[in-house]
Amino acid sequence: MQRVGVHKILCSGPGDISGALTLIDAGEIDPADIVAVMGKTEGNGCVNDFTREYATRAWCHALAPRLDMTADDVEHRIAFVMSGGTEGVLSPHFTVFTRKVTDDTHDGAPRLAIGIAFTRAFLPEELGTTVQVKETAQAVKEAMAEAGIASTADVHFVQVKCPLLTSTKIADALSRGQTPVAHETYESMGASRAASALGVAVATGEIAESAVSNESINADWSLFSGVASASAGIEIDYNVVIVMGMSRASDSPYVIDHGVMDDAIDADSLRACLQRLDIDPGMGRAALAERIVNVFGKAEASPDGKVRGVRHTMLNDSDINSTRHARAAVGAVVASVVGQSAVYVSGGAEHQGPAGGGPFAVVARV
Amino acid sequence: MQRVGVHKILCSGPGDISGALTLIDAGEIDPADIVAVMGKTEGNGCVNDFTREYATRAWCHALAPRLDMTADDVEHRIAFVMSGGTEGVLSPHFTVFTRKVTDDTHDGAPRLAIGIAFTRAFLPEELGTTVQVKETAQAVKEAMAEAGIASTADVHFVQVKCPLLTSTKIADALSRGQTPVAHETYESMGASRAASALGVAVATGEIAESAVSNESINADWSLFSGVASASAGIEIDYNVVIVMGMSRASDSPYVIDHGVMDDAIDADSLRACLQRLDIDPGMGRAALAERIVNVFGKAEASPDGKVRGVRHTMLNDSDINSTRHARAAVGAVVASVVGQSAVYVSGGAEHQGPAGGGPFAVVARV
Amino acid sequence: MQRVGVHKILCSGPGDISGALTLIDAGEIDPADIVAVMGKTEGNGCVNDFTREYATRAWCHALAPRLDMTADDVEHRIAFVMSGGTEGVLSPHFTVFTRKVTDDTHDGAPRLAIGIAFTRAFLPEELGTTVQVKETAQAVKEAMAEAGIASTADVHFVQVKCPLLTSTKIADALSRGQTPVAHETYESMGASRAASALGVAVATGEIAESAVSNESINADWSLFSGVASASAGIEIDYNVVIVMGMSRASDSPYVIDHGVMDDAIDADSLRACLQRLDIDPGMGRAALAERIVNVFGKAEASPDGKVRGVRHTMLNDSDINSTRHARAAVGAVVASVVGQSAVYVSGGAEHQGPAGGGPFAVVARV
Amino acid sequence: MQRVGVHKILCSGPGDISGALTLIDAGEIDPADIVAVMGKTEGNGCVNDFTREYATRAWCHALAPRLDMTADDVEHRIAFVMSGGTEGVLSPHFTVFTRKVTDDTHDGAPRLAIGIAFTRAFLPEELGTTVQVKETAQAVKEAMAEAGIASTADVHFVQVKCPLLTSTKIADALSRGQTPVAHETYESMGASRAASALGVAVATGEIAESAVSNESINADWSLFSGVASASAGIEIDYNVVIVMGMSRASDSPYVIDHGVMDDAIDADSLRACLQRLDIDPGMGRAALAERIVNVFGKAEASPDGKVRGVRHTMLNDSDINSTRHARAAVGAVVASVVGQSAVYVSGGAEHQGPAGGGPFAVVARV
């Protein structure tokens, strides 16, 4: 029987691991049990956001002596997914997922389970292509198996961290006569997220692998996953996959459910998901805080330039990238429903939910 | 008996007046009746936002031949308040207020009334001081009288457009041996909004004039107005005041009510206001759209750096000013409640509602 | 015999035409003689820079009564090229070019001549393609003929203002089953500038028309013009072309020469050009100011991510677009050589000079 | 006899220490000799620039095992000064200063010497006040003594790294009834730099201590140092001081001289300094590269809003902070003179050189 622990920890900056160390020193977190850390860090969430890399390194250096290994080895043992960008009310924080195998018996009701997997490193020219789709799909299946999630219907959230193209990587590909999918770094983030999300959709059976071609990536918005969340980061060369779902092999004190926001202001879908988890959205801030641990979701500026038929300006803004606008908007809508601002809303939802909308999952205490 | 008309008009850019001209050509708006235009334009809403000035000039040039006067004269006849910044889902638009004196009889229930007034031009060193407070209070009283609003209890929204300090104006003050309230242009916008809001609070009796000193402006957050909305713009030297409220001297087909958001994610206050207007927040998008014309509100990053006790990063962000973050967040929350994104959410709520929160008003069809 | 006048006019904002009106009222500029206005305006120079459109409209409204025509007719009579972005020391200003046909005799030495032409409006899907290349080349030849410039060797600067793709235009093309060259507005600016510059190169004979294919646009950097300067703007649907060069048919009191900066810090090329114009770069600020009227040039972040073999960060910066960085850098280098900061340095030099460098022209008093 | 080594090391990101480790592994740098590291990192250089802190931590973690101490102890042993912001052509890099006491004899000509010192930690309310001035002056004298620099005339560059006010620190001061010098974080950076620079000026005798009051800090621009360079960073609570100059007690293979740029485009002063070091500015790129190691300098937007009497827009830009504009401009001017873009140009030159200008120092091989 596995037991998953979930700890949401606030921080004063991307390098502040003090909250986690306090919990470790108090015995509430056993470092050896940590399988994944999902963080929101206060960078721009785009190409030159070094807060993701900095936070990951800070975690690795902090855990290294406690796990008796090097910082580099820690980085390959635990799935670190840092999503940059805390626009608007969003508050930087880390969510630590632990997993322990126990001999406990369990009443049999499904509970939160988690599994992780890594793909091989990608060549620059493979990003944003069907190669990335297939490798990601394979990793999702491995992570499901590790989590003990029997059916794709029990998968509620698949987080992928994927690489992006820097100008160095683009030059490398070109020097070898290869054509990268994008010549701009910011644009490559979207391509990498798109292929990763389609990989999730293939693994969950939401779409057939044969339905995906290089031409449909970031173009055919009818293809999407309702449980995928992909973030691109400059610090990795491979995909990291975290699968969360419900399993009878788990006796965690947590449950998870998911939904899809139709557009950036669709608070109704989130309220409906809370109700499926037996949480009354109107029961007051204190009561909500006791049940809801975190919301994990994706945001994007609707690619047709409109929200419910009315023009938005996010895609024409050359001062603030559209992912930043979308995180600020969706982050505030989510926070207004659940009453807390330390929620995980990540930008760029290509093939993650319908165009302009995005999937989300709620992790709650039973 | 006065009758106030309200027309919300979408646009494709700050210089696009075509929507208004279509209504004028169709006879739905008589240019001679226009008393105020409140616009959201797609600039940065800060110092170097020329979309406000551009939109105002475009309106003046478009109306000049239709009012048989020069563009400059139009600018002094109609109260133009352009609020820059359409971050997140916010959609650029103009709200045109018309007023016509009629011989119609009326059933006696109060309806939407509007009045406008202007202060004298301010010297650079007067901005952000009690001079601006007093002149604004006087203008509010004039506008109330013009609107036929008998009691301050019937005032639901007071929009003020106020000047800011450019480096040229700062240098001018310094050259005359005067000390402007701020040496940075962006900072001066907050000072000017603060004094203007306190002027409203004095006029409505929310605070005593004797309670305001130069030291309390932008410092003592216990002093605030629940109906004030102030926007600073580079294009004017004086304050423009628009008072909206309910009056038995009006038989408009519109009503107005207001509330105060306690913080940036306080959707509950907005829902409560809708219910006071006999609008069920859950009655569906189409039904909401039929009743709600627009929401006018203010947003700000909480000056203590926290939302409900949890850190936000808006005040430490040197890439995106905090007013932009706050508009994106509050704009999305408002849009998620009323189901429309062409709402008037303006940034910088110093002394406008409590710290971190802001006043709002809903204009609805009866 | 034609006589070209050149007036550089500072301004306090994009809508400030007062400097020009003063010169017109004083009789120094005859509005009927104005053929072109090239401005630097203080927007971001990218997609949502409305200062270009605002400045153009301000000029048109100001000149309309003085030319006894509508503002719209003024816009089609005079070539307005507004380049957004005054990063670093760059100072917003307008350069007004006038042309008058006179009966004066002339000593025969070539002098500054100018001609303008317009292409037809482009469909969204034509931007950044060989269609735009060919139409631009044709317009350049028309403008050369109008200027009385006999040989392409006498062409020293060709300014093109070209359209960009907004999300509306992209959606329009897609709705008709057409594929626009870019799906991002910012990216489309580079494509439009690239095709325009290659059109100039074809017209001047710097490259053969057969050498250009859709695949080589924004890809084969060996193809470039040493006299082309292209700026993209949201406000037009067609290309505006201004050709400047030397002609014996002109007795202007001005001369022009050009050069190419090899990279963003190549001050030597500019100094060499000054010497060809018999201007000693070390002769002191006052003497330089008497001879040099303006420098017109292009800037770009080197697409290989390096300046003289050393990494720059302009292409990986998601907060500030690379065109803004490049204008700040090259603008300061040019200003440091000529001793004045009101120079016309425009961003985005695709196929305009070698990769990472850019063409420039110096207009000087004889 | 002391011998100072200077190594300029390029990097691929703020966390890339590989270049230094290569030199250490090759025996070219003895980690025990490192006294100071001055880096340019690719953040925004303003409040929320975590690349400074990240780079410092990366250095500390990399050196810890090589110095057999903890990372925290490394941070207190070596003076790390990371200046954020590589706008325009500026290239991220680190300059490592080593110092070794030797028994070598020396010909007696003065050579580059270096010394460092730290102040005590400051309370939030002490930043930007005469307290910071005095403590800094004291530290400068300590560092001079450590460097063996006999006369203030031999001091050519004093680098200070100083704290800034975050919203947390501001709240802390206010909660104790204290008034911090600024209520905005970005503004506090200027105040801290200003007091630090005046501390240098007091130590070098450029101004009398009695000439400085709290009122003159960031106000009386007639008070300044021609050798001070101050950078503010979120990662420290105290001032770090590095003094560089010429000393007969040094037999380093390096020399240093300094100058002051009158304004942002004053390339002449830099050329004159090169000539004083017997370096011909026109001797070609390769020859310049052999002599010049690095240029250390300060940049700022002229506070009167003008460069040589002509308006700039840096102070009114709410999208890009003026320090970023100034670094882009001055960095490019410096690079265009010395032919290399990995130069140390730091933003915010309050009381560092005259208003709008800034001090610089050139370190060259003999």
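Every chain is named by a letter (A, B, C and D) in the order it is written, and numbering of its residues begins at 1.
Throughout what follows, contacts are C-beta pairs under 8 Å (C-beta built on N, C-alpha and C of every residue); 3 or more make two chains touch, one makes a residue touch a chain.
By chain, with names taken from UniProt: A, B, C, D = Cyanuric acid amidohydrolase.
Keep in mind that what you see is a predicted model, and the values were worked out from it rather than measured.
S.K.: Measuring centre to centre, with centres taken as mean CA positions, what chain is farthest from subunit A?
M.R.: C
S.K.: Find the geometric centre of each of subunit C and subunit D from their Cα atoms only, then give the gap between the two centres in Å, rounded to an integer.
M.R.: That gives a centre separation of 39 Å.
S.K.: Between subunit B and subunit D, what is the separation of their C-alpha centroids in Å?
M.R.: 45
S.K.: Tell me, which residues of subunit D touch at least two other chains?
M.R.: 12, 42, 44, 48, 168, 313, 316-317, 319
S.K.: Does the chain-touch network form a line, ring, star, complete graph or other?
M.R.: Graph shape, chains as nodes and touching pairs as edges: complete.
S.K.: Which stretch or stretches of subunit C touch subunit A in the complex?
M.R.: Residues 44, 46-49, 166-168, 171, 184-187, 304-305, 313, 315-319, 321 of subunit C touch subunit A in their complex.
S.K.: Once bound in the complex, which stretches of subunit D touch subunit A?
M.R.: Going by the criterion above, the answer is residues 12-15, 42-43, 48, 50-51, 53-54, 57-58, 61, 71, 168, 234, 319.
S.K.: Write out the stretch or stretches of subunit B touching subunit A in their complex.
M.R.: Interface residues on the subunit B side: 10, 12, 42, 44, 86-92, 264-267, 285, 307-308, 310-314, 316-317, 319-320, 324-326, 328-333, 335-337, 339-342.
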